[in-house]
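This is the structure, below, for whatever I ask next.
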Amino acid sequence: MSILIDQTTKAIVQGITGNEGRFHTSRMIDYGTKIVAGVTPGKEGQTAEDVLVYNTVSAAMAATGATASIIFVPSRFAADAIMEAAEAGIKLVICITEGIPVQDMITVRRYLDRLGTILIGPNTPGIISPNKCKLGIMAGYIHREGPVGVVSRSGTLTYEVVHQLSQLGIGQSTCVGIGGDPIGGLSFTDLLIRFEEDPQTRGMVLIGEIGGSAEEEAAAYIAERIKKPVVAFVAGRTAPLGRRMGHAGAIITGGSGTASAKIAALAKAGVTVVESPANVGATMAKIIRPNNRGLLIA
Amino acid sequence: MSILIDQTTKAIVQGITGNEGRFHTSRMIDYGTKIVAGVTPGKEGQTAEDVLVYNTVSAAMAATGATASIIFVPSRFAADAIMEAAEAGIKLVICITEGIPVQDMITVRRYLDRLGTILIGPNTPGIISPNKCKLGIMAGYIHREGPVGVVSRSGTLTYEVVHQLSQLGIGQSTCVGIGGDPIGGLSFTDLLIRFEEDPQTRGMVLIGEIGGSAEEEAAAYIAERIKKPVVAFVAGRTAPLGRRMGHAGAIITGGSGTASAKIAALAKAGVTVVESPANVGATMAKIIRPNNRGLLIA
Amino acid sequence: MKIHEYQAKEIFASVGIPVPRGEVAATPQEAQRIAETLGSPVMVKAQVHAGGRGKAGGIRRAETPKQVNEAAKDILAKPLVTHQTGPGGKRVNRVLVEKTVNIANELYIGLAIDRKRRSSAIMVSSRGGVEIEEIARQDPEAIFTEWIDPTIGLPVFQAYRLANYLGLDQAQTRKVSSLIQALYRLFAGKDCSLVEINPLVIERSGEVVALDAKVDFDDNALFRHPEIAALQDESEVSPLELKAKAFNLNYIKLDGNVGCLVNGAGLAMATMDLIELVGASPANFLDVGGGADETMIENAFCILLSDPAVEAVFINIFGGILRCDALAQGIVRAAETVTIDLPVVIRLEGTNVKEGRKVLRRSSFHFSSATDMQQAAALVAAAVEGRRA
Amino acid sequence: MKIHEYQAKEIFASVGIPVPRGEVAATPQEAQRIAETLGSPVMVKAQVHAGGRGKAGGIRRAETPKQVNEAAKDILAKPLVTHQTGPGGKRVNRVLVEKTVNIANELYIGLAIDRKRRSSAIMVSSRGGVEIEEIARQDPEAIFTEWIDPTIGLPVFQAYRLANYLGLDQAQTRKVSSLIQALYRLFAGKDCSLVEINPLVIERSGEVVALDAKVDFDDNALFRHPEIAALQDESEVSPLELKAKAFNLNYIKLDGNVGCLVNGAGLAMATMDLIELVGASPANFLDVGGGADETMIENAFCILLSDPAVEAVFINIFGGILRCDALAQGIVRAAETVTIDLPVVIRLEGTNVKEGRKVLRRSSFHFSSATDMQQAAALVAAAVEGRRA
């Protein structure tokens, strides 16, 4: 079993006729994902990558009974697109778009919470359950099916870690990017508990970064609720104080949110924190297959 | 038993230092209502009618553990006062103030629903459970304790009906004005079901008026859920079309909301609809005490 | 509060909603000059607060400036009788002279408060230009509604879905979607109780234009929109109603002969109902409100008495916030300043009723007293009969 | 986006928040003239985007216009070094010359986004005028916070409760409550990420005035506030960072010698961490973003190479939206236009990696290739060592 998505997931693509929407729709279909419709206002009746396009999510929903939506629309329209999906009855929304204003996301979260819709992102590479379903922009081929759940605030750093795992023959149950923005959908803790309850998952990798307090909250939660082993890496130990590092989340203010504070909190919660980003896979390998030969040493 | 309030209700008065606030606080205390604190920003430490005044509802709550609030603040500040009460944890708010903008009340209702606070009004005379508690501006002495629940959109017309009942020796379990505004708190149906479930109540009087569809909704609800007898009067049969009659609610638009439509709906639901406002008490008397002598004939 | 079509269109234009080119005129000469500037043909539209102007002859097409002058002459300074004005009609003080448009398609857009859902509602129909309530009754499917959560505002997708329903081409759909967003900002930002465009026209050129405009405002919110309050046309209100409003009284002139002074709208309506039941007819609706004081009562009483149609007065008060003694003081003060040669029936009950009755008894003022509504109504009916006999 | 104190105060004044009288000057003469108009004494305040100006000597009191001239001369056109600027400091191009105020009481007000509660938060303290973070650590009780539900807005009662906490008299409490409402309207209306007044001063006269002003904006929302975007002072940004921004690249100059070009902020930070782990030091943070195209990569590479401190280049790309072939094309195009005499290590993985590697192989461009991060970092460290040796 995977979490949140599997081979039965039927998804629509919002912003399917844009460059990125079209490119990744094709890649997701190639991966085996069931993309049942696209949405771009004004393009109803056209097709994109052989997928029928509708003007509105409610029309696409009525025609296909989709269960998920992945969003590629530009940042000015993305908050609206998330709400449209939720209002139409979509229960899982993945928003790839980055650069959505923070105050818009605060409203979106309240809107979604009222409707009971789950959001992944925004500013996320998406979610993948290897060999079952890919709703995201990650390179599918680096993933293998297996026992490790991966949850991350970062995009490309996740690919790096997944690549390490797969190279070592360790597959993933599901990999989820929670996105780097200050206000988003599912948090580390929301996902850790799902992995804890997922029979396929035997261990988890958590990839954090400086800024905010998501890692500290995850640490507190792990100490209390998570029994399966967790390996973590926190990026940004060498980032200078008070400088913006690309994610709005990555601002160090005062003493809180520093890499060392996060690392200390995670370590205290029993998490194996890795120093080098190149050693995350090997560390997880040692934990999950302690007797296997030929492993790199972290 | 009464509904919503009884002898244990501990109330605060928001706007206690104004003329009306002060006057009715005194009347409520005389009636036996437990007024435990008042709130007027900037007047903390003063007393009004021997009641201690606080700057904020949260301070008054912390000091007294009040369970209800009655609001007399001017219309520009009343929506805010309702939200303040709800946010401080008050679960029953009675708003006497009239003239609150409709759009403010739409927001207030959503705010209260999220916090689980019940609102009576605005633009209501309030609520009274005779001999137990009065949170309102009605003349207490016209009420008697007894078996009839009264629910009304009108203020003074309710006093009229209650007076008729009491003169005939028929007391009231609780009398509630739901207020004449387009958007308010408890509706006819919310109260009818409470009366249906209240052991003290044996019959109900519903006083409606032209405009909106509250009476039609009540009729549908009565047909389905209410077993106890209901007597109704609908004011405005002679009111001219499309003219504003004081309550924003009292606008007849098209065919819906007319007195005749409401009367027909109520009659169809098995409600005894009275033609003359002077005969409501007598009609209820006949139903509730069919064998009693000396009754007026409706 | 209602405003005129030309005022609503000025507001529309200020928020970017296209309206036909046009100007308002108070005289036929002015109307003709406007037409000469705009170029003919034009529409000449009576500016009164009432629906049904077209059928009543209040909207005319004019091919030349001279015809404009004649049309304006026909309409201006005369009463216009529509199904909403009553038989007396409403005097037309201004006409709107407007360039005609080439209509390809007539749509309907309306925004209002939905009490039941406790939301704003936006309705559209592709069958505009006609009695929309009739359409709503006959073919509810022809009207598409979106409800707006005011704590979220109007998301673009809802505006788009409304526009998309109308079956227009892509460019027009985008225009109508933007227009709906502008209308909602107006509706929410200015505390409107109604915004309606019927018809919203798609011109043959593809442009979108509001051919009519109706905007009503929430009286209770006018305090935060002084620029809207300033739009009130006092000539639309009867002089007595205007006077009552200045005193914070809710007064509506009716056709009968029994002047009523009541506290509370519900009791006032019930009193009117009762007057009709006993065979008389109310001369007015007058709600002095829950919070009336002595001075307001005094003013209310004086307004009642200044209506020549009034043959008897029925004062029906059940005191709540309004105390009976304050009411009595007000009546006595009014009686001291005006000559009262009409029968007055007073029914007093409620807060401070004893003090109130004492005040009345001690005064030199003559009136009939009743303890219940039924008795009071009978006394009023008898008084009217008596004066007639 | 950050703005200067004087710009923040202009915004404050425009929304009715009182600020001291003052004007901004670029030269000592101008500063002196302003002081002559205002009347002495005045404060002369360096306008740079950095905290800690007071301790660093960037805020001076001047008793006479002549002293103002001298203070401005001391501050202007020189770097100001505070704990936030780094050892190089920041050049001061303008000073704010401001009338002094008679301080009775110093308060603190701050508005920010609380990620954990997913709300705006408004904080007040009666211990303003000092390092508020220090206060927050030592005495959390000294700071009172209200969280604002953005779907409701700021109810007056929350603004009042904040003001009420400060223990002022009734008139001052009312003023501060209104000021908080104005601040929240600014914060929400202009998509601020931070609004701070420290100190908010109660003058001996009882007036309330914002003695300092700090306003940061959400970069992602600047598209809807062009008037705010226009306030950006480009002299506050290093020329390379400015150039990068024009190309939509996220570049920050650092002190090391290894130029990094990475896609994604997380991988970029991890790459920097790894460079330090192998004993080298990053010359910059450069995230080309998820959606970079050929041209952006080309520009990014050129910016890297134009930094004289760079001794080796580490390109670490894991393709997602960014396809490896596009990256490779960009690098090859850059290599064709600029002379590259530095060691370049490229580590490529992800979407279209085969096509990307092919593009690089087919070009005439010389570089070291690595298949994993660890190997790449080792190659980079060796390259730096090699050039040093």
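Should a chain be cited, it is by its letter among A, B, C and D, assigned in written order, with residues numbered from 1 in that chain.
Here, a contact is a pair of C-beta atoms (placed from the backbone, for glycine too) under 8 Å apart; a residue touches a chain by one contact, two chains touch by 3 or more.
What you see is a predicted model; the values in this text were computed from it and never measured.
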{"item": "Subassemblies held together by touching, chain C left out", "value": "one piece"}
{"item": "Averaged-CA centre spacing for the pair chain D and chain A, given as whole angstrom", "value": "28"}
{"item": "CA centroid of chain C to CA centroid of chain D, Å", "value": "55"}
{"item": "Two or more partner chains touched - positions in chain A", "value": "107"}
{"item": "For chain D, residues that touch 2 or more chains besides their own", "value": "151-152"}
{"item": "Pairwise touch network: line, ring, star, complete, or other", "value": "other"}
{"item": "Contacting chain pairs - touch in the sense defined above", "value": "A-C, A-D, B-C, B-D, C-D"}
{"item": "Residue numbers on chain D that touch chain C, as the complex places them", "value": "151-152"}
{"item": "Parts of chain A lying in touch with chain D, wherever the complex brings them together", "value": "20, 24, 27, 75-76, 96, 98-104, 106-107, 109-110, 125, 137-139, 142, 152-160, 163-164, 180, 182-183, 207, 209-210, 212-214, 217, 233, 235-250, 254-255, 275-279"}
{"item": "Chain B contact footprint on chain C (complex, rising order)", "value": "84, 86, 113, 115-116, 118-120, 133, 137, 149-151, 188, 191, 193, 218-221, 223-224, 250, 252, 254, 262-277, 282, 285, 287, 289-291, 317-321, 349-351, 353, 372-374, 377"}
{"item": "Complex contact set, residues of chain C against chain A", "value": "152, 155-158, 160-161, 164, 170, 173-174"}
{"item": "Partner chain D, residues of chain B touching it in the complex", "value": "41-42, 55-58, 77, 80-81, 83-84, 87, 107, 111"}
